[in-house]
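What follows is chain A paired twice: with chain B in the first complex and chain C in the second.
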Partner chain A sequence: MGRLRGTLGSIAVLTYLSLVMAPVALALHRIISVTGFTPREWIQSLSENYISAGVLEFTIVQAACSTILTSMVALPVAWVLGRYRWPFEPWIRAVLTLPFVIPSIIAAMGVLTLVGVHGANIRANEATWWWTLIASHAWFNMALYIRFCEPLLSTMDPRLEEQLRLLPNGRSRLSRIRNLWAPLLMPSIAAAACMTFVFSFTSFALVRWITIRDDTLESMMAEVSSSAGISGYMETSSQIVMGASMIQFTILLVCLWLTSAIQRNRQARLRLSSPRRLDSPSWPAWLVLVPAMVFAISPLASVVVGSFRIRDPTIGNSAFRWGLDGWEAAIHGSFSFPPMSNAISNSLGYALVALLVALPLGYLLAATIHRLERTRPLLSRALDISTMLPFALSAAMVGLGVLIGVIRLNPQSLYQFWPLPSLAHVMLTTPFVVRIILPALRSYEKRYEENAMVLGMGAYARFLKIKLPLMRGPLVVSSVFVIAMSLGEFGASFIIARNSDWVTMPLLIDAWRAKPMKDPLSAPASNSIATVLMLITMGLFLLAERFRSDRQGGMF
Partner chain B sequence: MATRNKHKTLTKPNLILIATLLVTAPLSGCVMLDEASSEDPMDGELVIVTYDVLALSEDMISGFEESSGLNVTMLKLDDAGSILDYLIQNRGNTNVDLAIGLDNTYLQTAIEFDLLEELDLDKSGMSAPGSFPGRSSMDPLEPYDGPLAVPYDMGYICLNYDTEAVDGENLSVPTSLEDLTEPEWRGKVALPSPVSSSPGRGFMLASLDYFDWQSDEGLQFSNWWSDMVANDVVITSGWTEAYETHYTGGYGEWTEGYIGDAHITVSYCHSPGVESYYNGNWTKSATLDIPKTSLFQVEYASAVSGGNALYAKKFIEYLISPEVNSMMPYENLMYSVLDGLDLPEEDGYRSNSQIPAAPASIPMEDIDDHMEAWLDQWNSAVTSGG
Partner chain C sequence: MLTCKGLTKSFDKPLFQDLAINLGPGQIMAILGPSGCGKTTLLRCICGLEDLDQGSILLKGADVTATPPEDRGIGMIFQEPVLYPHLSVSGNLSLASESGHQAALEEVGLGGFADRSVETLSGGEGQRVALARALLAEPSVLLLDEPFSALDAELSMRLVEDVRRILKERMCPAILVTHNQGEASTFADMVMHMPDLH
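So, the complex of A and B:
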C-alpha cells in the first residue's frame, strides 16, 4: 500500500507539472524566443506603447480605491452580522456572500443593466463610471470581509467588552475600538484587504464592461493576446505581455504571501468559542443590513428583470415592453451566435472534464504533501509551495499559457481537441482543491483507521468505508468549487476560445452584449443566458454551504 | 469572440455525381480548379474565417449552400486584424479554406507571410473605373490586382462630422487637420487606433499622405498626432467604440454605453448616406472632405494556404456574382465592386454619400515596407503627446 501511495503521489506530481506548470513554462519560452530575455525592455514597453501606457497606474489606483471602499462598505456589514442574532440568519449570510461566488461576467451584466443608458444612465459619465467600477468591486468582494471578520466577531465573548468598559482605557466607544476591536480585527481586515486588492487588481469582466477606454493589466493582456508569441509580427505585443505578466505575478505573489502570513498570525491569536451574540439587532444595525442586502441583490435581480425587458424602437428609443423575445433569441441562437444549449453543453462538459482531472489530482497532491510532512518535511514544503504558485497566476496569464504554450505547438490538431479549454480550468482549480483537501487531511483522525486495521479491514476497505465518508464534506465542497469556477470562468476562456468554436456560457453572454449596431435583443439575450448561469451557480453554492463546516474563514 | 455557425441544410448527396467522379477522377489524374466552376453541386465543408461581415447573412449563406451543395462553417473573429492574427497563428494548417474581410491595409502582410493561395478568377466585371460618374475614382483592382485576393466591397474611409454640433457658430467646420488641434476641438474628436482597427489604420495612412511623409520622414505626421493627444483626442480600440460610443452624429445615441463626447470621427464617406437610408431620408452626419484625409479601402476574399481552394473559389464566385454583390449597399453597407453599380438613390443613400475630391494615396508596396515602422512612429507620437 505504501508503494502504491508513493507511485500515485509521483504520478500526481508529474501530472501536475505537465498539466499546470508546463503550459506556462512553454509559453514563457515561446515569448522569450520572440522578444529575447530583456526584462528591462519588457517593463519599459508598458509605458512606451499606446495600448499599455498608463495601464499599470490605473490597475493599482483602482485596486487600492476598491479595497478602501470595500472596507468601508463591508466592515459595518460584517460587524452587525457577527454581533447580533438575526432572523433567517443563514439566508442573510448566503445573500451577502453570494456576489463573491457569482461569475464576474454576470456581475458586469447586472451592473450594466442598472447604470447603462437604459437604466440610471450614469455610465456614460467618466466621473461616474470610475465609481461604478469601484462600487462593483466592493459589491464583489464584500463577502471576503464577512468571511474573514464575522467568525471572530460572532465568537467574541461580549463580557470582554463589558469588562473593558469598567477600565479607564475602555470608557469611550473610540477607546474600546482602539484597545479591543482594532487589535483583534486588524489581522482579519488586513487579510481581507489583501485578497480584495488581488481580485480588484486582476479584474477583467467588470473592467471590460464598466469602464470606457481604461484597462487593467489583465484586460490589456487579453486584448493583445491574439498577436503575442509570433516571431516577426507585432513583437511589441509579446513584450507587453511579458512586462505585464512579470509585474502582475510579483504583485500577486507579495499580496498572497502577506495574506498567508497575516492569516497564520491571526489563527495563532484566535481562541474561537461558540457564538455569543447580543440578542436582537438595534435599529442602526437594521440600517446597515437592509441597504447591504439591497446592494447585494440589485445587480443580480437586474439581470433577471433585464432578460424580460425589451427596447421597442417602433415606439421610441427609450420605450420598453416586457416579453420573452430575449430568451427566445438566446435559446434559438442567430446567424451570429450559437443557441444557448450549445454554450450550456460545452460549459457543463468542460466543467465535468475539469472535475474529473482536478479533483483526483488535487486530492493526490494534498495526500502526498500530507504524507511527506512526516517523512520528508523539506520536500513536502517545496511541493506545498509549488501547488500555491498558480494562485499568483491570473486567469489571463493561464489563458496565455494555454494559447501560446500549448495551442501554438500544433494549432490544427489542438483546435480540434474539444476538451482543451478545460486545461485552463484545471490549472486554475487544482490549487484550490489542494487548499481545501489538505487541512481536512491534517485534521483527519488516524485512530479510526487504526481501529479498523485492528478489526482486520484491508487498505481499500478502510479507504472506501472510513476515509471517504469522513472526507465527504471537503470533497463535495472541492467538487462544487471546481464546477462553479469552471462554469463561470471568463478571463482564460476569452483568450483561448474566442477564436474558436469552444463557446461557453460566459463567452456567449459577452458576445451577445458586444454585438454592434442597435439590436434591441442583445441586452435581454445576454441577460437571459446570465440568468441561467446565475441559477446554476446559486444552486451549486447552496449545495456547498450545506457541506461547508461552519465559521470557516475561507474564500468560498 | 468567435462563434461557428454550422448550416446543417446539406443537400442530399448526388449519387450519380459521386459515382461519375469516382469513375472519372482516376482517369483524369486530378480535378482541376477550373472544372470546379461547373454548375454541378459538391459535397463537403467550407470553413470561412471572417469578422461579423453583415453581407454574410443567413439567407446569403443558405443560398450558397443550396446552389453548391457545400456545408458552410463560419469562424467569426473580432475584426480584420484578428483575421490576420488567426491566419498567422495557424500558418500551414488546413482548418480554414477562405478568409473574408482582409482589406488593402492588411492584405500585403498576409501575402508576405505566405498565408494565401492563388486563385484563377475572372475579375473583368470590376475593372472599369468611370463606368458611371458617381464612382469615377473607385477602381477595386487598383490597390491589388493579383491572384491572391478578390475584392468584394469597397468605400472611402474618411472623417464624418455632426452637422448639428458643428454648425459654424458654436464650432466651425474644420478645413484642415491642423484645425483639429485647436482648443475648440479639445476632447471632441474620436479616432480608432490603427493598431487594432482597419478604418483607424486607413485614416493613419491618409494622415501620412496628408503630411507628405516622404519629405520629412513623417515629422509633421508625428507632431500632428502628438498635438491631437495633447488636445485630448479620444483614441478607441475599434470603429464601433468610436462611432457608437463617442460620435454624436450617428446612431450611437440609441445604443448602450453611449457617451456622445465627439463631434468628429473616422468612418466611411458614405456613412451619412447609410444613416439617412435607415432614418427615412434624414441624417445630421456629413462627410468632412478635407483633401488627403480619406483613403480608398477595398475588402477582399482570399483562399487560405493549405485549405480547400476549390471550395473557396466556389464561394468567391458566388460572392462577386451580380445577384449577391449588387446587394452590398444594403447587406454590407458598402459599395459593390461590380461595374455600373452605385449606391441606391432611395432615402438619401446616394445623395448623402460623398466621393472625396482628393483622397490620399499610399501604394501597397509602401504599406508593406513601412507599416511596422509607421505604427511604431504613431505609437511614439501618441505616447509622447499630451
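So, the complex of A and C:
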C-alpha cells in the first residue's frame, strides 16, 4: 500500500505539472521568444502604450478602495452574525455569503440592472461608475470577512470577555476592543483584507461591464492577449502581457503569502474556542443585519426581475413592460447566438470533465503533501507552494497558456477538441481542491486509523470504510467548488473558447449583453441566462453548506 | 464588607432562593454543593455576569446590584484559567495593572515567567497566573470558581495554602466554590452548604 501511495502521488505530481504548469511555461516561453527577455521593457511598455497607460494605477487604487469599503461594510455584519443567535441563521449566513460564490458576470448583470435606466438610473453620469465598481467589489467580497471573522466571533470562549470585564483594563467597551477583540480579530481581518485586495485586483467581469473604459491588469490582458505571442505582429501586446503578468504575479504572490502566514497565526489562536453563544440580537444588531441582507440580495433579485422586464421603444425610451420575451430569446437563440440549452450543456459538460480530473488530482496532491510533511518536510512545503501558484496567475494568463499550448502541440485537432476549455478550468480549480482537502487530512485523527487496524481492517477497507466516509464533507465541498467555479469561469474561457460550439453560460451572457442596447431583448436575455446560472450555483452552495463544519474558518 | 440578601435565581428550574451571605475583611467562605446546584451561577450573580431574579448585593455598604460587573471591583477566577493567547504572561498581568508584575509572579511562585507565552504554561501555572492577575487588580472581594479542581492533589493542596495565605495577608475577602470537603475546610474560615432545590 505504501508503494502504491508513492506511485499514485508521483503520477499526481507529474500530471499536475504537465496539466497545470506546462501551459503557463509554454505561454511564457512563446511570449518571451517574441519579445526577448527584457523585463525592464515589459514593465516600461505598460506606461508607454495608450492601451495600458494608467491601468496599473487604476488596478491598485480601485483594489485598495474596494478593500477599505468592504472592511467598513462587512466587519459590522460579521460581528453581529457571530455575536448573536439569529432566527433562520443558516439561511442568513447562506444569503450573506452567496455573492462571493456567484459568478462575477452575474454580479455585473445584477449591478447594471440596479443602476441602469430602470433602476437608480445613474449610468448616464460617468462619475458614478467608479463608486459603482467599488460598491460591487464590497458586495462581492463581503462574504470573505464573514467567512474569516464570524467563526472566531461565534466560537470565542465568552469567558475571555467576562474575565476582562472584571479586570481594570477591561472595564470600558473601548478597552475591551483594544485588549481583546482587536488583537484576536486582527489576523482574520488582515487575511480577509488581503484576499479582498486579491479578488478586487484581478476583477474582470465587473470592471469590463461597470467601468467600461477603465481596465484592471486582468481585463486589459484578456483584451490584448489575442494578439500576443505572434512573431512580427503587434509585439507591444506581448510586452504588455508580460509586464502586466509579472507585476500581477508578484503582487498576488505577496498577498497570498501574507494571507497564508496570517492564517497560520490565526489557526493557533482558534484553539481556545468554545461552543456558540446564545445571546438574542439587540435592535442595533438588526439595524446592521437587515440592510446587509438587502445589500446582498438586491443585485441577485434584480437579475431575476430584469429577465422579465422588457424595454418598450414603442411607448418611450425609458418605458418598459413585463414579459417572457427575454427568456424566449435566450432559450431559442438567434442567428448570432446559440440557444441557452447549448450553453448549459457545454457548461455542465466542462464542469463535469473538470470535476473528474481536478477532484482526484487535487486529492492525491493533498495526500502526497500531507504524507511528505512527516518524512520530507522541505519537499512537502515546495509542493504545497507550487499548488498555490495558480492562485497568483491571472485567468487570462491561464487561458493564454492553454491557447499557446494548443498552437505548439496540434492546433488542427485540438481546436476540434471539445473538452479543451476544461483544461483551463482544471488549472484554476485544482488548487481549491488541495486547499480544502489538505486541512481535512491534517485534522483526520490518527486514532481512527489505529483503531481500525487493531480491528483487523486492511488498508483498502480502512480507506473505503473509515477515511472516505469521514472525508465526505470536504469532498462534497470541493466538488461543489470545482463545478461552481467551472460553471462561472469567464476570463480563461473568454480567451480559449474561439469555437462558437463551445460557448458557455458566462460567455453567452456576455455576448447577449454586448449586443447593442437598441435591441430591447439584450438585457432581459442575458439576465435570464444569468438567472439560470445563479440558481444552479445557489443550489450547489446550499448543498455544500450542509457539509461544511460549523467551526470552519477561511474563505473556502 | 460584602452583604448579600435574599438572593434568588432560577433558569428552567430554581437554583437558589433567599440566600444570604455576609463577609467581613479577610474572611474566606467556601460554598459546597453537588454539581448543578447553582454554585457557579451564584458567583456569576455576585460579580454581575448574571442578573439576579431577586435580592441585593452590598459592597462596603453601597448597593451594587444594578452595577455592571466591570464597575463592581469584584474579581473572579474561573475553573479553568482564562488567559489571553495573544498576550504573554506579563501582557496578561498588564490587563490588571501596568506595574508590580515581578512581585505578583513571585508571590504565586512563578518568578521568571513574565515573558513566557501563556500557551506553554501547564494547568497549575496557568491558574497561578490567573490568580496573580486577579490579585494585581486589588479586588474588594475575590470569587474563586473551583480553581483547584483540575490540578493534581499535591499541587492543588499547595496552591490552596498559598492562595489562603496571600488573601489573608491582603485582608481580601473571598468566596470559594468547590465540591471538595477537604479543600473547603483547609481554605475557608466558614463553609456554607448550598441546598439542592430540585
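Just a few scattered comments:
Methods note: the second predicted complex is superposed on the first by the 515 of 556 C-alpha atoms of A that agree within 3 Å, B and C clash if a C-alpha of one lies under 4 Å from a C-alpha of the other, contacts with A are read in each partner's own complex, and residues count from 1 in each chain.
Definition applied: contacts are C-beta pairs under 8 Å (C-beta built on N, C-alpha and C of every residue); 3 or more make two chains touch, one makes a residue touch a chain.
Everything numeric here is computed off the predicted structure, so don't read it as measured data.
Legend: residue contacts after superposition of the two complexes on their common chain; A:157 is shown touching chain C, with no touch to chain B. In the superposition on chain A, contact of A:500 is made with chain B only, not with chain C. Of the two partner chains, chain C is the only one touched by A:165; chain B is not.
When the shared chain is aligned, chain B comes close enough to touch A:50, but chain C does not. Within the superposed three-chain model, A:212 lies in touch with chain B and out of touch with chain C [touch as defined at top].
Taking chain A as the reference chain, the count of touched residues is higher for B when chain B and chain C are set side by side. Looking at the shared chain after the overlay, A:411 reaches chain B, while chain C stays out of its contact range.
Looking at the shared chain after the overlay, A:179 reaches chain C, while chain B stays out of its contact range.
In the superposition on chain A, none of the residues of chain A is touched both by chain B in one structure and by chain C in the other. Contacts from chain C toward chain A in the complex involve residues 47, 49, 68-71, 74-76, 78, 82, 84-87, 94-97, 119, 133-134, 137, 139. Those residues of chain A that touch chain C in the complex are listed here as 157, 159-160, 162-172, 179-180, 183-184, 268-269, 271-272. Listing the residues of chain B that touch chain A in their complex gives 1-5, 52, 57-58, 61, 75-78, 81-82, 85-86, 88-90, 92-95, 109, 113, 193, 195-196, 234-237, 240, 244-245, 251, 253-260, 376, 378-380, 382-383.
Those residues of chain A lying in contact with chain B across their complex are 47-51, 53, 112, 116-118, 123-125, 212-213, 223, 226-227, 230, 233-234, 236, 313, 317, 334-338, 408, 411-412, 415-416, 494, 497-501, 503, 507-508, 510-511, 514-518, 523.
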